[in-house]
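Below: one structure, written as structure tokens.
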Amino acid sequence: MSEEQLYSVSSSPHVHSGASIHGIMRDVVIAMVPTFIAAIIFFGLNALILTATCVISCVFFEYLSRRIMKRNNTINDLSAVITGVLLAFNLPPTFPIWMAVVGSFVAIVIAKQLFGGLGYNPFNPALAGRLFLFLSFAFAMSGDWTPWSYINTENIVATTSATPLGMLQESTGSIAFLSNNSNIMNMFLGKVNGCIGEVSALALILGGLYLLWRKVITWHIPVAYIGTVAVFATILYMIDPSTNASPLFHLFSGGLMLGAIFMATDMVTSPTDRSGMLVFGIGCGLLTMIIRKWGAYPEGVSFSIFIMNATTPLINRVCKPRVFGVKGKA
Amino acid sequence: MVKLILIVISAVLVNNFVLSRFLGICPFLGVSKKTSTALGMSGAVVFVMTLAAAVTWLVQTYVLKPLDIGYMQTIAFILIIASLVQLVEIILKKFLPSLHAALGIFLPLITTNCAVLGMAVLAIQKNFTFVETVVFGFASSLGFALALVLFTGLREKIDRSNPPKAFKGVAIALITAALLSMAFMGFSGLVKI
Amino acid sequence: MIETVLTIIEPYLPIIKTVFAITCIGFGCSFALAIAAKFFEVKDDPRIGEVNELLPGANCGACGYAGCMDYAKAVVMDDAELNRCAPGGADLTATLAEYLGKTAEAAEKQVAIVLCMGTNDAAKCRFEYNGIADCRAAHLVGGGDKACTYGCLGYSSCATVCPTQAIEMVDGVAKVHPELCISCGKCVTACPRNLIKLVPEKNTVHILCSSNDKGPIVRKVCTKGCIGCTMCVKLTKEEESVFMDGFLAKIDYSKEVQNKVIVEKCPPKCIIDTTINN
Amino acid sequence: MTASKNNTCKLEACVTQGSTCFQLVACHLRASSASPARRERSLRYLKTYGKRKVKMNFYIELVKGLWKENPIFRLMLGMCPTLAVTTSLQNGLGMGVATLFVLIGSNIVISMLRNVIPDKVRIPCYIVVIATFVTVIDLCMAAFTPELHKSLGIFIPLIVVNCIILGRAEAFASKNRVFVSIADAIGMGLGFTLSLAILGSLREVLGAGTITLWGSGLQVKTFLSKNPAVLLLLPPGGFMSLGLILGFINYMQDLKAKRLGKTYEPPVLNGCRHCIIACGQSTKPKEDK
Amino acid sequence: MNILKAKFKIHGGVHPKYRKELARDEETKRLPLPDILRISTTQHLGAPSKPVVKKGDYVKKYQLLAEAAGFISAPVHSPASGTIKDIVTGTGASGAPVTEIILETNNTSDAELTGVYPTDEWQKLSPETILNRIREAGVVGAGGAGFPTYVKLSPPPDKKIETLIINGAECEPYLTADYRLMLEHPECLIAGIQIICKVLNVTEAYIAIEDNKPEAIELLSKYLEDKKIENIKVSTLPTYYPQGAEKQQIYSITGREVPSGGLPADVGVLVENTGTTVAIYNAVIKDLPFIERTTTVSGYGIETPSNVIAPIGTPYQELIDFCGGAKDDVKKIISGGPMMGFAQATAETTTTKTTSGLLLLTAKEISQFESSPCISCGRCIAACPMNLMPAELSQFCEAEDFESAAANRVMDCMECGCCAFSCPAHRPLVQHFRTAKAFLRAQPKK
């Protein structure tokens, strides 16, 4: 009997859709390829080096921490790769390599593995790494923006070596200039300064469409997020166009697209139900605009998503679908 | 009016009592295991702190200042806060037993919640008027409540998670608090007060 | 005159003011509190708190109440039995009785025991189980993967609920460390196969099998199972401490086994004496 | 033998804290290969711990606060000043010394008055005593170290509500003679100072790249001073560094316990148990269902 | 035209690989009578029947073996003549211990029937007589749960049944037994529906069929048209799992939501399985007790997937041998469908009145569960037809916080398996809920 091959017995269901964490993460990686290409086009070798550093160090820290904790190896689920790429996308092209490694450490070890690894982290690891770097090394994160390879003398935005949002904050560029069509077009394509992965809205949207097509993400968070920003910016613009940039400027500047498509939709740290996702997206949008408009920092995407991450457990408590056959709230 | 709104925004978000001023950490870490208890504690703190703001301002302005013994602030305030808490407890127990049952166990804790005394001292340092002090007290406690409730939600998630053994319990709670506090850094510069 | 007094106390004025003010505040506060305490007094039985202090504070729930405080309340207000606190044991019962001026009979100290010896090499598996590592969950899937439908599944549900970590999984079977057991009975309810019993601590001889199958069936699935040969019953005929329940020999825990030779004589060796085997 | 001695200390720690220590004792009993007689004794100890007075000598009292019952790293007391003022070594030391002073003073007075103060109003009395010492140190610091006084700010008056001081008053000074109470206060105060210094220097080195002992007079710059991780000086850094240190300590303890063949349970914050104030209900938190 | 498209779309649901092509075109075959039948007395939901025979008795085909033990129970009849060898405790399909009557068959046909009613004469019978016949024949729901049909057809007087739905959705992958039944015996099915309509005095009846079975839809609607039956309509449902779940099907067709914890009768609807309907037909018109049923034997692990009529109590091994035997790489034997069926430890288990399928699956087809952490992707929530939050519920269950699970309505879970099917982390969600439900049911009511 014991030599005989035993049948496998488990609880139902006995068949599976075939979806796996690895598959989902692979799709996310694929979706980030256009942005990565755009980053290399605009920022050259630096973008490649930075991304490679972050990915390698993230995977290394993931491996190391799992090893020290004597737990199974999880680098195969590719989540560390995504964290690495996202972290790199959130860094300026001239960012020092050793600092990127520190950021990877914070992202993988402190924000993720200390909580038990993928699925347990309450905050988005890449954002934790980015915010740590941003708050620690403010100068390196925002100081020297001059692109390494891409210098277009016709493009004033590029030569002033400041991000569009930075210029809005410092009021160095006139609002009218920032909001004019050619500038918006540059921002849409990515011919501006900024972190390596956030400049090209076009590439990011392509990736987002791929994710939607593969059903990795749903439309709720990105649409709610971007929509809220658009509505908020439109209202401000209508109140006073001379001090407020146009809604299109707000949509394509800074990390909004990157945040809305890749970071706010991080499954682990966003609400699970559709209604909760809408709340989450709207919250992100409002906070982003509040910080952009009144806060001390030019950009509020990372902070807003991070803050909303903290509210996710509460949103999950409140936003629940109505159970079939139950009148009113469950 | 504008100043009152600014005080509220400042105390709730920008200079959150727990996350950026480090006041009231003990209850923040201690009473954040379950949402129900966190809400009870928040209620008790909001109640007591608002009341304490009013009373301490009155004592400061009408007793300590005229007598020119501002340095006795600490002793006077802690006495007042302690008795106030006791008083509230006695009265609640008599007249609102259900509320007492809900908040009762948290009330004595508030005596040593440094957020209350800290709020009173801060309000005096900032030369707030009476109304401003009361609003400040209320908003600070609201900020405490906000941080506590958010943190409790996170901790309920973390309690179901699987940190390495060495980080189970307080250590991981502190790391979570660090990340939450990092999130709240985003509000900095929103208002200056 | 007054002026002289004033000039004398002049340098000390701040001190006097301070003392005066703080005294006044202190006096005012205590006065207010005293009045409040007097007029708004709500009577609580102080004994509840004191009984609560006497209890061990394990909040294990063995007494059947929600926690130690609830039990204290029940003891003082509703005349609950004094011997229900398992962790406190006989000592506590005596203390409580003394404190409340009552008489109470101490409950016998009991410990949990797992009535199965079907370790990994002794008991066979029927199938390859794929699912949650929890006995209750595994029991619901095809009746558990152990070939013996009575035996310990080994997914340590009892060890998880034990408040004192007195249960350890040894070779796929739960084992109770009696010195740590506080007889709260949580494991008894946790075991889906009802293998765990609370038995008097003084009994040291146990039959560690719960299979009520006939001998050949038992022998097919486990080398350590009771085959119902009734040898132990025959050997203890005079003292009547072992009896047959269907095809399973059981110990009558109200008596003590005298003839310990049954430990040696049992063919599948499923009788143990904890004084020797431990 | 060291193992069992260690465990007895742990038991005593539990006794002084008034906490439930089933888990701890359970671990000890299960893992220790001690003789049955010792096991028996420990069990008896466990059963009667509520009633029996534990006798301890001066030395034990003095040393325990430094590590075994370190108020911050082990007992998790007085977190607010710990996190708030440790932006530099200097601040941490200043805060530690101020607290040490108050602790010694209040422990002496309370221990002396322990038979005089009526039980019902003991907490207000303790608070008044503590507040007095706090005011004294507040005024002293304002006079002699104005800079430090300014940078510690509101946290000096807040020593009043530091759980350590009230906690020691309630749990120790009110039950022990003056002599041991002083030892307890010194031990606890030094332990507190030590922890603050560790935390402060860590945060300063990483967050500012310097080590400052006396103003700018004694400032050492480290390799990080060019690109310090400023975040560590900000509030998140406080939480993070303390969390990491606690985790590290737990890890080392766990390793040590494993070497001795025992199991180690990290300290937990259970309701408001960490705050030893005898506020009636709160010492034994009602378990939520 | 009497084909009706379902109007209402339920939330959730999944699209598993159906693999119905394996057995859908196989004509139903009859299994030769096995030598040994082991007839379980737990053929239905409720109290197990009480054996009325004892060891050594000689029984004839159709003779009563065990009588109903209580209101929610059903009698069991002998599927063949032979000698009772023993009455023992065995293991049922769900793994729970059951009492089995072991019958040694002798293949003689000394059947004993009380009488046969001509097909047209049943119209004259009173509803009570029909009901009584259904009860005595031991008809139970053949879909899976095995609820005694007699009980179902006697709703409390305050609940008026207005609509009858015949569930021919057969949304479980692999299974084709009901489909073959509809194709091969439309007349039995329609007559069965008319009997139920008469018993309940219902005028409106729907035959619910998923739109992946166009032949059945066409055949039945043509049959109804030919016979000019107006009150029965064929309702086509979009194909997705669990379209055959009672509450979801009612919603799809009528738009009515069965309240949580309630029965279809609460919204004036009754749902019967096609197999049950045919069994009713057999009971009332042919006076045959429920002693055999059509079972789909399928999966990549069987040589020739087929639909087989087998007597109750047939060991699975007999069915497997009849269908050409098992292939070497069989990893799992499942009684029922792959989404809700029970995996078997051995092929020794026997068929019952509720065995709709016997699947032999290879390692390629089955899923492997891991208890890896939830990544909160929300797919289970999107898939849950009951609108629950499986991700959160399973975390409560994992932490053994069953009270929170109950507060979040774990009891409303019908264990359809959509959540676990779509979980990328391969979490054993359904098992968590089963455990929680078992725990909560064992708790005394407050």
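Letters A, B, C, D and E mark the chains in the order given here, with residues in each chain numbered from 1 onward.
FYI, a contact is a pair of C-beta atoms (placed from the backbone, for glycine too) under 8 Å apart; a residue touches a chain by one contact, two chains touch by 3 or more.
Please read all numbers here as calculations on a predicted model, not as lab measurements.
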item: Touching chain B and also chain E, the following chains; value: A, C
item: Farthest chain relative to chain D (centres taken as mean CA coordinates); value: E
item: Where chain B and chain C are represented by their mean Cα positions, the distance between them in whole Å; value: 40
item: Length of the line joining the C-alpha centres of chain A and chain C, rounded to whole Å; value: 51
item: Distance between chain centroids, defined by C-alpha means - chain A, chain B (Å); value: 34
item: Residues of chain C whose C-beta touches two or more other chains; value: 26, 30, 126-127, 130-131, 137, 140-142, 145
item: For chain D, residues contacting two or more additional chains; value: 124, 128, 231, 234, 236, 240, 244, 247, 280, 286, 289
item: Two or more partner chains touched - positions in chain A; value: 6-11, 110, 114, 116-117, 119-120, 132, 135
item: For the chain A and chain E complex, residues of the former touching the latter; value: 6-17, 19-21, 23-24, 116-120, 218, 267-274, 277, 316, 320-327, 330
item: In the complex, chain B residues that touch chain C; value: 59, 63-64, 67-69, 72, 75-76, 79-80, 82-83, 86-87, 90-91, 93-95, 97
item: Complex contact set, residues of chain D against chain A; value: 227-232, 234, 236, 240, 244, 247
item: Touching residues (chain side chain D, partner chain B) in the complex; value: 76-77, 79-81, 83-84, 123-124, 127-128, 131-132, 134-135, 138-139, 154, 157-158, 160-163, 166, 231, 234-240, 242-244, 246-248, 250-251, 254, 266-269, 271-275, 277, 279-282, 285-286, 288
item: Chain D partner contacts - residues on chain A that touch it in the complex; value: 96, 99, 102, 110, 114, 132, 135-138, 140
